[in-house]
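Below, each structure is written out as structure tokens.
Same chain, two partners: chain A is paired with chain B first, then with chain C.
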Partner chain A sequence: MLTAAIAICKKDLLMVFTHGAGLAQALLLGLLLVFLFSLSLNAGDRLSPQAAAAMFWLASAFCQVLVFNMLYAAEEAEKARLGLLMLPAPVQSVWLGKAAAGMVILAAAQCVFIPAVFVFLGQKMGEFWTLSLAGILIGDLGMAASGSLLGALSVGQSGRESLLSIVLFPLLTPLLLSVVKLASFGLEADPMLENALRWIGLAVAFDSIFLGAGLVLFPFVYNGED
Partner chain B sequence: MAAQQPLLEFQDVAKTYGQRIIFRHVNAALFSGSITLLAGDNGSGKSTLMRLAAGLTSPDMGRVSRRVPLARTGYMAHATFLYPGLEARENLLFWAKASGIAEPAKKVTEVLEITGLSRSAFEKAGVFSRGMAQRLNLARLLLSDPLLILLDEPATGLDVSSRTMLEEVVCSARKRGAAVLWISHNIKEDSRHADRLLVLNSHTLGEEELPSC
Partner chain C sequence: MLHSKIAISALLGGLSLAICQWLVFAWAPEEKVMGLVQKIFYMHLPLAWWGLVSFATACAASLLCLIRHDRKYDLFSASAVETGMLFCTLTLVTGSIWGRHSWGVWWTWDPRLTTALILWFIYAGCMALRSIPMPEHRKASLCSVVTIVGFLDVPLVFLSARLWRSIHPSVFAANGGGLDMQMAVTAIACVAAFFFIWLSLLLIRYRQLLLSARLDSIIFEQLFKAEQEPAPKTKKLYASE
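Take a look at the complex of A and B:
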């Protein structure tokens, strides 16, 4: 399973980073979102850390939808999906490979969004930036697990992007709530850290549910039927 | 001596799409070292039967028994399973690695040579003509030295030399013991190398005489 998953992940990363498939669109949308929101601020104003964190994760969530749509759409152009289903490996290796590739791409996009949040939304790094970093790691894992599962669900649907958004965003709510809170801890000068562990717990629970759901449900949503 | 077990067997198979019956009571067996042509009108269910053979869909009734591991089953469908954004060699390396083939780079070089694509190895698959893409598709199929070969109109878009190469590849696969199921719309030409002709007609599968040359 791991051999196939690694091959799928490497192939997707090769297509995105070497051959430039689709990443620019996701980056531009996220940056545009941050930039447009910055226009609501007067010169010298600073957005509240929680609002800035929400913008960062909103940009990441839009990026997630585009990335996973792109990763699964690539398998449909010449029906490579059928070839993937015939690999001598469990079909979950596709989910795992796509999730890993999606997570790397999302993290790469966030490397662009983070400076944008500091520059356009007037944020400063706080003392507890490690909490934000932990939030990004846990958040990206959850987004990758859920995005890979639900991306497969929208394969072959004519309104693929809208279907994924409609299904994904409500489900992401608990994860977004917790990672936004964790990100804001890293941007505040004097954050109230009492509930930090609870927010981390909520994000980890979300990740666990979607990692389990991906392994169990993926064969039902990704198959050879058209 | 025990009778030879078929590599692929359809036992009273039926398939429907909603209310529409595609075929029913389909019985057939494919043995090692044989080439079987599958013919039928458009919409008769040839490709569906192929997908059943490949394990990509399940029958509504009956059983499809494949006595070949998935790793040694090669399926060439209408679509090429290629990634247009990747080079020909990158495409093949991906499929080789994902299939767990030992020494993937060496195998890829070998199949590129067999299919006459060595000089186009570093060109993107997206710029290939239909015939070249079909050659690359054939190269992908050959990566696993398949024992069960499922070809859905493989000659589509192939010129004379490519067609000859395809026939050579299929005949050499038969020699090493592979069972080949070949969907054909050109029975007269394709039957030169075939052992049997199966025809899907009126929702059922029957065997017919191969046309004489």
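Take a look at the complex of A and C:
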């Protein structure tokens, strides 16, 4: 299963980073969100760390929708889904491979969003930036697991992006709340850290639930049915 | 069979709700600070609880649908989601009215309120997915997965309410909560009465969906038969034809 998942991940990454059309679209949308929100600030104003963290994760969430739609649409466009399903490996390897590829692409996009948040939203790095980094890792894992499971859901549907957003965003809320809080700890000069472990625990619980759900439920979502 | 179950459940629901009206407005004491508005709580609590039970039922039915590949479980899940949505909507509305009088605002970002709204959004998404035209078996699989995944978020909903500081009143806490004995008895009676109302609505909707599916299959059968049979000769309307 792992070998097949790594092969699918490599194939997707190669496809995205060589052509790059879908990635550029996701990056631009995220950057636009951060930039447009910065227009709400008056000259010299600084956005609160929590609001800036929320903008960063909102940009990441929209990027996630585009990334997973792009990853699953690739096979649909070439009518290669059946070929992927005939792999001599469990179908969950597709979920795992796409999740790994999605996580790498999302992390790459976030490498662009982070400087944008500092530049456009006037943020400064705090003492506890490692908490933000941990939040990004845990958050990306949860987004990849849920995005890969539900990205397959909109395969072959018209209005894929809007359908995925409607289904995915409410489910992501517990994770987003946790990672926004963790990100704000890294941006504040003197954060209240008493609940930091609870936020991390909540995000890890979300990741565990969606990793388990992905493994069990993916074959029902991704199969030969049209 | 289902028809008689609905009738019994609706009758019990009607009777118990009538008794509850007496308990709420005549027997239970009026709250000193909030006054008459506090009575909305006797509706808000059962709606919230049975809404949650409805989503749990939908999750169980969806699991059975995925395991047994039987359409009736999918229809039951759809009925439970719709009933749950109705109860969840009413919970949010009654909670909002309560909040206006208790906290002075129609809406506040209290974790429990927020997560109730998130649940509403999750199942609204599920209903939107169900409205998309696609083959029935595919729709059943996809909706089942979303219903299950949505319900998996519910523990996080409760965890968030307990972990984070909330201005939501604790009704039945471990140390006895904040309710007078008469109020607690009335609340429990209302929860029991709303069970029958919930069950009736769930079964009525399930029966409707079953009948609708049956009607669809009959129409398809008729259409199929009509296609198989040779077309009957029709009278010429005009002499020139």
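The rule we apply is simple: the second predicted complex is superposed on the first by the 225 of 226 C-alpha atoms of A that agree within 3 Å, B and C clash if a C-alpha of one lies under 4 Å from a C-alpha of the other, contacts with A are read in each partner's own complex, and residues count from 1 in each chain.
Keep this in mind: a residue touches a chain if its C-beta (ideal position, glycine included) is under 8 Å from a C-beta of that chain, and two chains touch if they have at least 3 such contacts.
In this text the structure is predicted, and so the values were computed from the model without any measurement.
A.B. asks: Going by the contact rule set out at the top, does A:L202 touch chain B (first), chain C (second), both, or neither?
C.D. replies: After superposing on A, A:L202 lies in contact with chain C but is clear of chain B.
A.B. asks: Check whether A:P170 is in contact with chain B, with chain C, with both or with neither, and answer first, second, both or neither.
C.D. replies: second
A.B. asks: Could you say whether A:A213 touches chain B, chain C, both of them, or neither, answering first, second, both or neither?
C.D. replies: second
A.B. asks: Return first, second, both or neither, reflecting whether A:E225 touches chain B, chain C, both chains, or no partner chain.
C.D. replies: Both partners.
A.B. asks: Identify the partner contact of A:T3: answer first if only chain B is touched, second if only chain C is, both if each is, neither if none is.
C.D. replies: first
A.B. asks: Pick out the shared contact residues on chain A: the ones touching chain B in one complex and chain C in the other.
C.D. replies: 223, 225
A.B. asks: How about chain B: which of its residues touch chain A in the complex?
C.D. replies: These residues of chain B touch chain A: 51, 54-57, 69-71, 73, 75, 77-86, 90, 94-95, 97-100, 124, 140.
A.B. asks: Would you mind writing out the residues of chain C in touch with chain A in their complex?
C.D. replies: 66, 115, 118-119, 121-122, 124-126, 128-129, 132, 134-135, 137-138, 141-142, 144-146, 148-150, 152-153, 155-157, 159-160, 163-164
A.B. asks: Across the complex, what residues on chain A touch chain B?
C.D. replies: 3-4, 6-8, 10-11, 14-15, 19, 21, 74, 77-80, 82-89, 223-225
A.B. asks: Quick check on the complex: what are the chain A residues that touch chain C?
C.D. replies: The touching residues are 146, 149-150, 153, 157, 163, 166-167, 169-171, 173-174, 177, 195, 198, 202, 205-206, 209-210, 213, 217, 220-221, 223, 225-226.
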